[in-house]
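Two complexes, one shared chain (chain A), two partners (chain B, chain C).
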Partner chain A sequence: MDWIAVGLAQDVPPGVVIPSRIEDTEMAIWCTPSGRYHAWSDRCPHRGMRLSHGFVRGETLACIYHGWQYNETGSCDYIPAHPKLTPPDTICVPTYTCVEDGGVIWVSLNSGNDPLPALGARVPIRSVPVSLSAKDVAAHFGTAGFTTIAVVSDYDTLLAVQPCTDTSCILHVLATPDADPKAVSRWVEELRTTLEGVPA
Partner chain B sequence: MILYDYVLSASCYKVRLMAALLGQSLTLRAVNFHPGREHKSPEMLALNPKGTLPVLTDGDTVLADSADILRHLTSEHPEWRSTDDDTWLAFASDLNDSVGLARLHDVIGYAADIDKTRAAGVTALRRLEAHLTEQRFDGLIFLTGKTPTIADIACFPNTALAPDGGVSLDPYPSVRLWMRAIRSLPGFIEMPGIHRLHELAHPA
Partner chain C sequence: MSAAIDNHWYPVAMISGIDAPRETLLLGKKISLGRDGGACWVKNAQGTPLPTVERFGHLWTSPGQPNRDLFTIPEADSPGRRLVDVGSVKVKCSPLRAVENFLDIAHFPFVHTDILGAEPHTEVDRYDVKIREEVDEVWATKVKFYQPQAAKSAAGGITTEYMYRVPAPTCSVLYKTCPPRPGEWDIITLFVQPLTDEWCEVWPWMALYDDDSTMSEMVSFQQLIFMQDRSILENQLPRKLPLDPGMEVPTQADMTSVAYRRWLKKIGYTYGAKLVAA
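Let's look at the complex of A and B:
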């Protein structure tokens, strides 16, 4: 398990930051105004505020608490209370390997050397939270790994599974480009009802 | 128009927000809802026998239901109305009774079966997310179309405040983008727990 889907590009347009997580690793996922995606530790090094509460300003991510701004490498560029200070290099946010591919935002907490999951010709539809662990979802489909699970349906569906907690995960749903997205959306709602209805 | 108002009330904020977006000025009368229970005082009960907030008076008209107040404020603003509004005004009550109640439980100690109330909140938010996602497939961002209506203003406050009641909004991307669109509207105002978009402020 190297690459994990943490969101769909269509849900994180340029200038937006969102909270996300892979198990115990809490992340701020953000997109620069010029369209580059980043996944960072969701803690401001200053006072520990969640950076996902912050805001994108220019090509930086700013903390909501005291406005410290971090450039795309995660280094602090600007401290509003000390406008003339050049912040030392030691003030930086831990970053993770993050790429957008096929409309999916992928993060690797490891080397990021593995090839990205193959999606075929499928396109992203939507992300759906499920009150079930990623492991239990994989078990339901009779597979051990859960990075992506191809599910037989009328829409050639593929689930990219994001493990969140022991009782929750997010399914990022992809389908054949000629599928009606509303039909796929309703299909995955039914799938969730089925998954959550199965006794643990 | 006079609004009998409590600053932490999601339903009072619906009225303040709608008026601000319309550029309609309101005279605010602060009511000590908590801990003073002033909404149950003889003076307030004379105005509104139900003993609830918000209450809006406009001349001789007294309105004590937030949906009725939103309709009243927009009676001459058809651009803020849609034929689908009633569905979502009813849904706004579901939000009030679930995530809204969970927040009142956590913030000011209302009695509630908190697990059941939060579960009802998740059900409501899932319904909202599914609808807004389908709207996005059609290139629409608001509940009933391309532009906001009283439906959006009725549903926004309790949704945005859901984390105060222990119900996370993290897993709902379409809800997040919808709230962002509302917060971007010209004339948008804040309340405690709902902040403006800092991105729109002047860069340092």
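Let's look at the complex of A and C:
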């Protein structure tokens, strides 16, 4: 599967930036005021500051350290210390393919050519961090070939699993619109407890 | 470790803070320190005494054979200055990143918003930087910046003039316009103890003309500034300071940082440095 869920759109509203990761790739995920999502390397080319600590200004992401602003393509547009300078094209942040679909923010570290995961009519409920690797979560469900998506019979839930480290992942949970979000939320808490009790 | 790293003086404690003997780290190795009567001592892990100097309110030592004396700050001795031990802040970053951040003014409007800088006053004019070969120090002069609240003693916004001096690889001295006494310089230093190559203890010290603020007001002001800096320093990647060009992108405003990195490379100071571009 090419696409990996890195967050829910409801947690990254327009004008917000958050840190996220897919294994060793650390990312800044941000949403422009007009609602477009971007996933960038979490490192400012100037002096290495994490861009996820930055701020959204207009349709740019600004670094918190010296305020350099990067436009939606990742190119540096503005250097506050030198307001009259047009920054050279070479100053740019590595970007990853990122789209929002069905209320989920998806990132592809590969080509991004695969079709997006089919979510059915489900809606996002919440994201839950789990102290267990994505691989071990998959093993728990025993789904052959399963990597990042599982459909579970309880509440007809879909779990999009975001692999973070060797000992952690995040479950992004979607359920059918008629499911009671509170009940789904409780079910996920129990699932987390079960998963974290699974010997690695 | 190489002589280029060992043969320097390092701050390891604030003298007024030494009561019982204690252990700390210097360049990744355990040392112990304390005070017998009037004099402070430092020993390495084997119990061998290390050389000491007591200066600027701090205790200094060296694991090697320093080939020169600990630097001096003659201006700090002039009468009427108040000497301020600020205390220490431990920071998870390379000691060199901590010094480099201290040499940087372009971050003031964004990190020390409405104190040391404020938008739209973000422009950094050209200033002078050089490695003074005769003393083997890095100096930046004629650095000017608009500051809303340059010091505890400043009544309002002023254009502050700065001079930066790097007299040792992990130390920097800042001379800055003194709000109540135009023509004199306030002195603010950053003494950095390399605990390891990615962890340091920062000992700021000041010699200020300020007859109005209380000691604790001056300390709190400076501590607020360093807390803001720490939130940056612990989030730079990589933690070590890249000395080779290519990994980071300097501009004209970063001339001091460029000179500092070049000087470190020249003197072979690689502790806390990243040498090959990743």
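Going forward, the second predicted complex is superposed on the first by the 189 of 200 C-alpha atoms of A that agree within 3 Å, B and C clash if a C-alpha of one lies under 4 Å from a C-alpha of the other, contacts with A are read in each partner's own complex, and residues count from 1 in each chain.
Simple rule for what comes next: a contact is a pair of C-beta atoms (placed from the backbone, for glycine too) under 8 Å apart; a residue touches a chain by one contact, two chains touch by 3 or more.
Just so it is clear, the structure is predicted and the values come from calculations on it, not from any experiment.
Contact with neither chain B nor chain C is seen for A:Val99 once the two complexes are overlaid on the shared chain. By the touch criterion defined above, A:Ile91 lies against chain C but remains apart from chain B after alignment on the C-alpha atoms of chain A. By the document's definition of touching, of the two partners only chain C reaches A:Arg47; chain B does not. Contact with chain C, but none with chain B, is seen for A:Ala81 once the two complexes are overlaid on the shared chain. By the touch criterion defined above, A:Ile64 reaches both chain B and chain C. In the overlay built on the shared chain, the residue A:Leu116 is in contact with neither chain B nor chain C. In the superposed model, A:Ile170 makes contact with chain B only, not with chain C.
The larger set of touched chain A residues comes from B, when the choice is between chain B and chain C. Shared-chain residue A:Ala9: touches no atom of chain B or chain C. Overlap of the chain B and chain C contact sets on chain A: residues 64, 67, 80, 83. Those residues of chain B lying in contact with chain A across their complex are 130, 133-134, 137, 170-174, 176-177, 180, 195, 197-199, 203-204. Interface residues of chain C facing chain A in the complex, by the touch rule stated above, are 104, 106-107, 109-111, 119, 122-124, 231-232, 235-238, 242, 247-253.
Per the touch definition, chain A reaches chain C in the complex via residues 26, 42-43, 45-50, 53, 64-67, 79-83, 85, 90-91. Of all the residues in chain A, the ones that touch chain B in their complex are 7-8, 11-13, 15-16, 18-20, 55-58, 62, 64, 67, 69, 78, 80, 83, 126-127, 129, 168, 170, 181-182, 185, 189.
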